[in-house]
Amino acid sequence: MIRFGLIGAGRIGKVHALAVQAVPNALITAVADVVPAAAEALAQQLGAQVVSIEEMFNSSHVDAYIIASSTDTHADYLMRCAEVGKPVFCEKPLDLSYERAQRCSEAVQKAGVPCMLGFNRRFDPQFSTLKQHLQAGTIGKLETLIITSRDPAPPPVTYIKVSGGIFRDMMIHDFDMARWLLDEEPTRVYAVGSALVDPAIGAAGDVDTASVTLSTASGKIAVITNSRRATYGYDQRIEAFGEKGMLQANNQLENTLLFAGTEGVMTAKPQHFFLERYADAYRIELTQFVQALQQDTQMPTTEQDGLQALRLADAAYESWKSGQPVDLT
Amino acid sequence: MIRFGLIGAGRIGKVHALAVQAVPNALITAVADVVPAAAEALAQQLGAQVVSIEEMFNSSHVDAYIIASSTDTHADYLMRCAEVGKPVFCEKPLDLSYERAQRCSEAVQKAGVPCMLGFNRRFDPQFSTLKQHLQAGTIGKLETLIITSRDPAPPPVTYIKVSGGIFRDMMIHDFDMARWLLDEEPTRVYAVGSALVDPAIGAAGDVDTASVTLSTASGKIAVITNSRRATYGYDQRIEAFGEKGMLQANNQLENTLLFAGTEGVMTAKPQHFFLERYADAYRIELTQFVQALQQDTQMPTTEQDGLQALRLADAAYESWKSGQPVDLT
Amino acid sequence: MIRFGLIGAGRIGKVHALAVQAVPNALITAVADVVPAAAEALAQQLGAQVVSIEEMFNSSHVDAYIIASSTDTHADYLMRCAEVGKPVFCEKPLDLSYERAQRCSEAVQKAGVPCMLGFNRRFDPQFSTLKQHLQAGTIGKLETLIITSRDPAPPPVTYIKVSGGIFRDMMIHDFDMARWLLDEEPTRVYAVGSALVDPAIGAAGDVDTASVTLSTASGKIAVITNSRRATYGYDQRIEAFGEKGMLQANNQLENTLLFAGTEGVMTAKPQHFFLERYADAYRIELTQFVQALQQDTQMPTTEQDGLQALRLADAAYESWKSGQPVDLT
Amino acid sequence: MIRFGLIGAGRIGKVHALAVQAVPNALITAVADVVPAAAEALAQQLGAQVVSIEEMFNSSHVDAYIIASSTDTHADYLMRCAEVGKPVFCEKPLDLSYERAQRCSEAVQKAGVPCMLGFNRRFDPQFSTLKQHLQAGTIGKLETLIITSRDPAPPPVTYIKVSGGIFRDMMIHDFDMARWLLDEEPTRVYAVGSALVDPAIGAAGDVDTASVTLSTASGKIAVITNSRRATYGYDQRIEAFGEKGMLQANNQLENTLLFAGTEGVMTAKPQHFFLERYADAYRIELTQFVQALQQDTQMPTTEQDGLQALRLADAAYESWKSGQPVDLT
């Protein structure tokens, strides 16, 4: 039996907790949150104890941690995990500062604690099947990758201001996906971006519409496009093109109904947002984390992946600001 | 050079005429129609002569005939073709009376004139490709056939009254398609029908919604469903199911555009009606007729096909009237 | 807290048990099975007690029953539930004999115990959304219903022999679906069937390929086609056609990937079989059963639905045997 | 009656000639080609005269010209048309040299002769319907445009060497499409490219895999990706994303058949190459050219469009060479 301490009892913390509870020989035994009522409510549902953050890291009743608190606390808590030498699953991102993320990664590496970073999309059955096809050679050598990622609606501008910007906050997922699928580190990054959805986002120094081109040493090209708003829901598609053909992972629609009427032929919209679209991915992600601990195998993603994705995000930001491509070495 | 005489200068006569003109070494040289102005207009466009029906059959300048006049004249004109011993393409149906159609077929057979009946759908590239797949064994042994055929809107009740009824007027195409794809004559016919679209159709002694089940000696099953009205356009689909899988020939949409918006994901409607949906089929049909004449090969469809389809239509009518299945021997 | 006694610890019993455990204030507390080891294994997983059938019905610690045992035991156990006056969820079918099912239904009615019959497909999100559209008038008045239902592979002939035949064993689901969607009882049934998949099925007096046409008093037409084998997986589709258009509930594919290569454009197969295709439906079904008990509301399906579906199956069987349509009054 | 002189009797010249012949009151009366046999064959089919280039431009029997000769002759012949003051349809591109194309454009402008440039894709019914939707506001303000364009197989390297490179030879169509749909001139161009399909293309100083990002003053983003080889045929898609939703113009498949078998669900490949995919577009293009002459209205595309597309191609080439974005003012 592995006993987990959950830090952060909000929406995503709850998702992770329920995923853990469904794995045999795994239990959430302690919950901490800066909002005590949130911790209380979730702890009760899970049959777990409410503890303070301090108690959490000092407890001998906790074998591993799940960090689902706000972004600015991730690095601190990860370092605490490293200090106490216990395994940790941490929501992405590591941190908004590359330097801080790097220090944190070094601490984790030095302590040798297993650390998994929550790049949930890698565990989406559509995308992981696509990855398997790439590995199996279905399209032969990959040449071009086109990732489309659009949110249904922009977050409040108050969030935008502390988010780190579209490249670090939203496109970070796509950078990780690109790295994973390209199976090669990008060496050049070129970004364009505009505030077309909401001028207030532009006024906050950010953009809501962006496209990034990544090139690799072997000549592969990846193009990512993002928008903070899509009237038709959460648009999450990947197209991989190569010497033997093309693979597309298309949107999952809310249902398979089709209506043919006077206006045309209508089908459902894509599933609304990440909690619906990636419900399976969140479940699989935590299951794999627990299994990796139980079987003492390698973590499927690590804090290194977080660091590399952040590096691409920083380069994209710099490219957008300067109007010039940025070389990574 | 083969010189064709066209009888009937209406909508479908024009379609056939233009198809003939596009074939090398084939020309429409004479046009006849009960409405002289119609004959005039088309003849001028084609550079052909206007002639009377009598002149048409007596002319030494006409090598073959195309009958595109009203249904009630088909049998007479076919027999005239048989008398003068010249090849003929005739629009479906042969006639609404099986006995008359049979006499007509006997005359044609006796005279030995090449005769092609206009079951245009066999020449539709979708359906002929499906037929090729069946012949090539793509789905192995055919077991079940599902034919869906819906018109965008019912014809006027005045037409319904002289049409011979839905089974002889509309489903006749599907009976031919079923015979062709089953590659075996149905031995039992069961029909149900209702006047759900327009009570006036019911009052005229006909139905507008019908389904027919055909069974063959080897156990194959074909189900045909018809409606005289579909708000989304002309619905023409075939599903063939067999031991190795399923083939579907789906509707051709007006365009390939897709619009994703707040209401869902919308694509275009099926092409509106037979002139659009079967434009290629009409062209290919006449081209094959002319080529069969030029190369002296077998006609791809004959008046026998018309006769057999009519036999199924009559059986369906009888089944609908009696509520009992009708056996064919 | 409602305490459930589960009778039958096989594959489907397990599915139902896990669904119950996920509902708040509901627990499986007792498990019985003719195979003690099966009861043991599941009881342990659920934290429940193993009991005998007798103990099950005499227990004061059980508030309601779930019958997931073999078909031939359903009627007996339902009557025991009626005797002890406790609510029951019963897997379909009620029984293979209409008379016995009727006696059973009368007992349940007389006792006034809430009884839900497991027509799982009504709870499939695709089909229940389609039903909602019909109720909301999306296609106006329903005119034609086309239900396609094909299993990936036939069961062993030993099963076929005790199954009651394709109409009672397999098409029973489609009869229920037709009744539910037509919202009107069929008055005439015509069936055709052939043993095309496996001659041994024919030798056992059954068919593996069948089509049934149902007509209603108001003139609606429903066509059901079944096959015991589809190379491409579990084919479960419904098409509803009416005055304002057409609704289709299409297959759910194993994934949304598309591969374009030299052979064409390939997508995944439909989900393999009922446990995959109807996983959500099974969960929702039991959740609604428990909720109806907790809130003392009407059962979404009852043993009456089982009785009526069986009546259609019997009529279809008789029609297939006689070659004549069967009228229901 | 407008009498056309056709210069170039090759594959595309023939396509244009047949399109003209189908328009009422329009005839190809003269044909010239550097290969006399080609001119002979086509002239005979059209009932036209074979003439020399000199005779062509001196003839008083020719009212307008169609230039379908090799790329390097376009500019010269256009200038001859300008000299003799007669309207001209010219295949794209104007020329591979921007300076020469510009001189040519100035000559045409000065002479005031109607000049249409053959950007055939604008006349594709899919893409022109998409354009109409953009103009009608279906997706509101356009924000992102994604154009995918892949050829089935690369041309011979001997052709690559004189083609002007992928940006001027292949992506030129996409630059025109982007300008047309964006309805705003791009102000910045960034290109990446690799020789991944065939190293010989790289050795010839060109690439076969490329992506270009265009930005406009108002902040719109267009991304074009090209490949010289797609195993599944000619891939021609456009996605337009905006404030009210997304429009996609997808590939037209060779047929609408679907096959479901043990491997999955298979549909046809996209139509093989430009002659198939754009057959309608070629026909509509010439029809509109002739109609614009007959009705004395504005040409739907002009040599100015050719000039602007070439400017973008040159900028893309420069960007690819330098690795830096290129600003256009």
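Just so it is clear, A, B, C and D label the chains in written order, and each chain counts residues from 1 on its own.
Convention: contacts are C-beta pairs under 8 Å (C-beta built on N, C-alpha and C of every residue); 3 or more make two chains touch, one makes a residue touch a chain.
Computed from a predicted structure; not experimentally measured.
Engineer: With one step meaning two chains touch, work out the least steps from subunit B to subunit D.
Structural biologist: Steps on the shortest route: 1.
Engineer: If you take the mean of the Cα atoms for each chain, which one ends up farthest from subunit A?
Structural biologist: Checked the centroid distances; the maximum from subunit A is B.
Engineer: Does C-D or A-D have the larger number of C-beta pairs in contact?
Structural biologist: Ranking C-D and A-D by C-beta contacts puts A-D first.
Engineer: Measuring from the mean C-alpha position of subunit B to the mean C-alpha position of subunit C, what distance in angstrom results?
Structural biologist: 42
Engineer: Nearest whole angstrom, what separates the Cα centre of subunit C from the Cα centre of subunit D?
Structural biologist: Centre separation, subunit C to subunit D: 58 Å.
Engineer: Measuring from the mean C-alpha position of subunit A to the mean C-alpha position of subunit D, what distance in angstrom results?
Structural biologist: 42
Engineer: Where does subunit C touch two or more other chains at once, residue-wise?
Structural biologist: 230-232, 235, 244-246, 260-262
Engineer: Where on subunit A is subunit C touching in the complex?
Structural biologist: 125-126, 129-130, 133, 138-139, 244-252, 255-262
Engineer: How about subunit B: which of its residues touch subunit A in the complex?
Structural biologist: So the residues of subunit B touching subunit A come out as 230-232, 235, 253, 260-270.
Engineer: Tell me, which parts of subunit D touch subunit A in their complex?
Structural biologist: Going by the criterion above, the answer is residues 141, 143-144, 146, 148, 150, 188, 190, 192, 194-197, 209-211, 213, 215, 219-221, 223, 225, 227, 229-232, 235, 241, 243-246, 323-325.
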